Each structure stands twice: as structure tokens, then as C-alpha cells.
């Protein structure tokens, strides 16, 4: 079985740059070419997916999770 | 008062490309260096921040919200 | 390109029972072995995935999103 | 004081199968009869609720957190 | 059946001040005495819980959803 | 660059009361006018923001993350 499409509008392909492995959750930095996206996933998932630095992945998140901020340039 | 830093590791600067205004929530497409990031925020917030196409914003989300997927190239 | 695996531990296969279509977001009820799982996604995603009642889908969510409650039986 | 109803449409009763205790957060696997639901909560909450393998709990999550994916059967 | 405790550390009792009813989701402002907390829930849930201005509710959210920002006072 | 406004309607100013530092994520208790708000953020963010007990911060979260519960007083 393969997932062929997911509803998440926000999907960024990249390569894992670094993993900070924790006991329950781990922090994964994904180099997406357009900047680093950081993900915190369970260490169990990390192992299930056999993720390691250099692995190609897609970082994805739901639109409802994204906040917007305005800013001044000064 | 200005927020000077936020803990979110994932922050992408961009320009609003398009807004789909709804009664309670609205969908905002932000053109970032990384591609389009879509955000769903309340329409009240949209109005408070006076967001419109062309506005410069930062799209931000917590690392705990980001999922990772592996994929085949075929 | 196909996603072959995703880190989310919580994935439930099911069939769409009902869709309440909104202007910006829509509510989708998925009949899974586990009972009904309700998802709110953008209407744009609903249309991109061509979802309709009867469509087979996977409902998925991150472990960090799941709360736990204890209860009394009385 | 008892909570008598919560807005979350997604509530699954189950029994805790396994706990992976971490320093700050812990991973809890809940056997819901219709499959395992995994939750990551703070270890402080785990202790407050006195959760242990065998405890009956309700796993709950908001509809806005649920993503949908379509898939091929091949 | 009553929920007697929930793992969410962040629970604030209050009274509903205002509801902006939408087709799929609604925005609910809860006056917690220590400030307004705004919640977006499905309109189906709003109706299931029979929420209306004046209803007493608990607003709750997971610790993993809370971001922290530092700020300057100038 | 300063963020001058963020779409999150839920923003509570407070002072950090206690930090439980973990390997990957840390738990931060913020004493606000509204009571204690607990946040789980990455330990990397904690260090970037130089947060410690006594630091003034804003705790913020999206409306879509807030659930509502009704309760009995008995």
C-alpha cells in the first residue's frame, strides 16, 4: 500500500541534516533547500522509518498549525 | 511592546499571494523562498493584522506539528 | 512520487461517510474500524484529493496531538 | 468537579498497553480495540493521572489535527 | 460516564462571552477572568454541547501547542 | 527585525516559574495572570531564547488548538 496524496498543503522535500536523538522524542533538522525545517517526532517513529542524516524525506504540516506574524524592518 | 524572538524554530518570511476569506476562518497563501506555505487563521485575526495580498508576513509553526514521510521516486 | 511511509503512528484506514462542505474548511467523517474519525481540512485540499462520500482514505494524526483522560464509570 | 462533555468529536476508550517513560514527555500506547492509538504527554501529567499499564483511558484529539490521505492498493 | 481528569495541564474555567457561528467551524470567546481565550471548534460540537453565550466551560489545550516568545518593553 | 503582531488571539504575558530541562524537549511553567500555563518546547529553542526562571515571556497558542469542555459542579 502506498499513500499517493495527502491533504496537507504544506509539504517540503528535503534531506536530513542532523538528528538529536532523545529517549521518547527526537529532533530532526531537514534541509529543504529553502531553509531548515525542524520536526519533533517520536523516537519509535524515527526508528520505524530508519531515518538518519542523509535520508530524503518530506516535511509536512497542516495549514491550521501555521501562525502568521507581521513585522517591522527596523 | 514588540516580540523580539519566538521559540518556534520554523519561521519563513514571505509575501501574501492570495486570501480566501471565510466567515470564521480564512486561508492565506504565503509565497516564501521555500514555496507556498498555506495558513488557516481566524478571519478576526486577518482583520486585526490588516493582512492583504502583498503584505509581508512570517509564517511560523512549532516543530511538534511537523510530520516526516519517506517516499519512493518511482 | 509516492509517499511510502509516514512517521505518524496513528493511521486509520476508512471510508468517507459524510462531508460538510464549507467555504474555507470542510468537515469529513471517516468510518474506520475504530468508529467515526472526524477531520477538518481545507476545502481546497478536499477538492485536490477529489474526496467524496465512499472514498477510501487514511485518517492520520501525530501522537503529540492526542490527549488522555481518565474517567469514572458511574 | 467533573467534565461531563468535551467538544472533541474524536474520543476513543481503551486500556493502556505500554508506557515509555521519558524525562519530560512520555509515550503512551492505548489499546482501543480498534487499534493502538499512541499519545505523547508530559511525564508530569502521566504522574498526576497515575497512569500505568492496564489503566482505562479515553484518547482524544481535535478534528483540526486529523489529516487525510488517499492511497493506492498496489 | 464522566471524565474525571484529563492530562492537559492547561485548563481554564470561564464563561462564554460571544460566539461567531460559521457553517463548519465556529469561534468561541471564553471570558476566563484572566483574559479572553478564543477557541475554534466545529459547529457540530458547538451544537452537541449546546454552548451559548453565558455557558460555563473549561478551555483546555496541550502543552505541546504552546509557543513562547520573549519581548522588549520599548 | 521585530515581530510586531502575531495572529494568535491567545497571548498571555508571564514570568517563568520553573523549567524541567530534557534532552530534546523541555517543560516550561509560566506564571501568568491567568494562572500557570505550561509549554513544551525544544531544548534548542530554550537555549536560543536564553530562557530561565524569572524571564518574562509571552505564552501563545492558536485558537484551533483550544478544546472546550462543559462540566458539572457536583
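By letter and in written order, the chains are A, B, C, D, E and F; residue numbering begins at 1 in each of them.
The criterion applied here is as follows: contacts are C-beta pairs under 8 Å (C-beta built on N, C-alpha and C of every residue); 3 or more make two chains touch, one makes a residue touch a chain.
Bear in mind that the values here come from a model prediction, so they are computed numbers and not experimental data.
Asker: Matching C-E on over half of contact pairs, by residue number: which of E-F, A-C or B-E?
Answerer: Interface equivalent to C-E: B-E.
Asker: Find the chain most remote from chain A, comparing centres computed as mean CA coordinates.
Answerer: E
Asker: Approximately how many whole Å separate the CA-defined centres of chain A and chain D?
Answerer: 22
Asker: Taking the mean of the CA coordinates per chain, how far is chain B from chain D in Å?
Answerer: Whole-Å distance between the two chain centres: 28.
Asker: Quick one: chain C and chain D, Cα centre-to-centre, how many Å?
Answerer: Result: the chain centres lie 16 Å from each other.
Asker: Going through chain D residue by residue, note those that touch at least 2 other chains and give them in order.
Answerer: Where chain D meets two or more other chains at a single residue, that happens at 2-9, 22-23, 25, 27, 38-42, 44-45, 49, 58, 60, 62-65, 67-72.
Asker: Which part of chain C faces chain E closely enough to touch in the complex?
Answerer: Its residues touching chain E are 20-23, 25-27, 38, 40, 64-65, 67-74.
Asker: Would you tell me which residues of chain C are touching chain D in their complex?
Answerer: Against chain D, chain C makes touches at 2-3, 6, 8-10, 12, 27-28, 30, 32-41, 45, 49, 51, 55-72.
Asker: Which part of chain B faces chain E closely enough to touch in the complex?
Answerer: Residues 1-8, 22-25, 42, 44, 62, 64 of chain B touch chain E in their complex.
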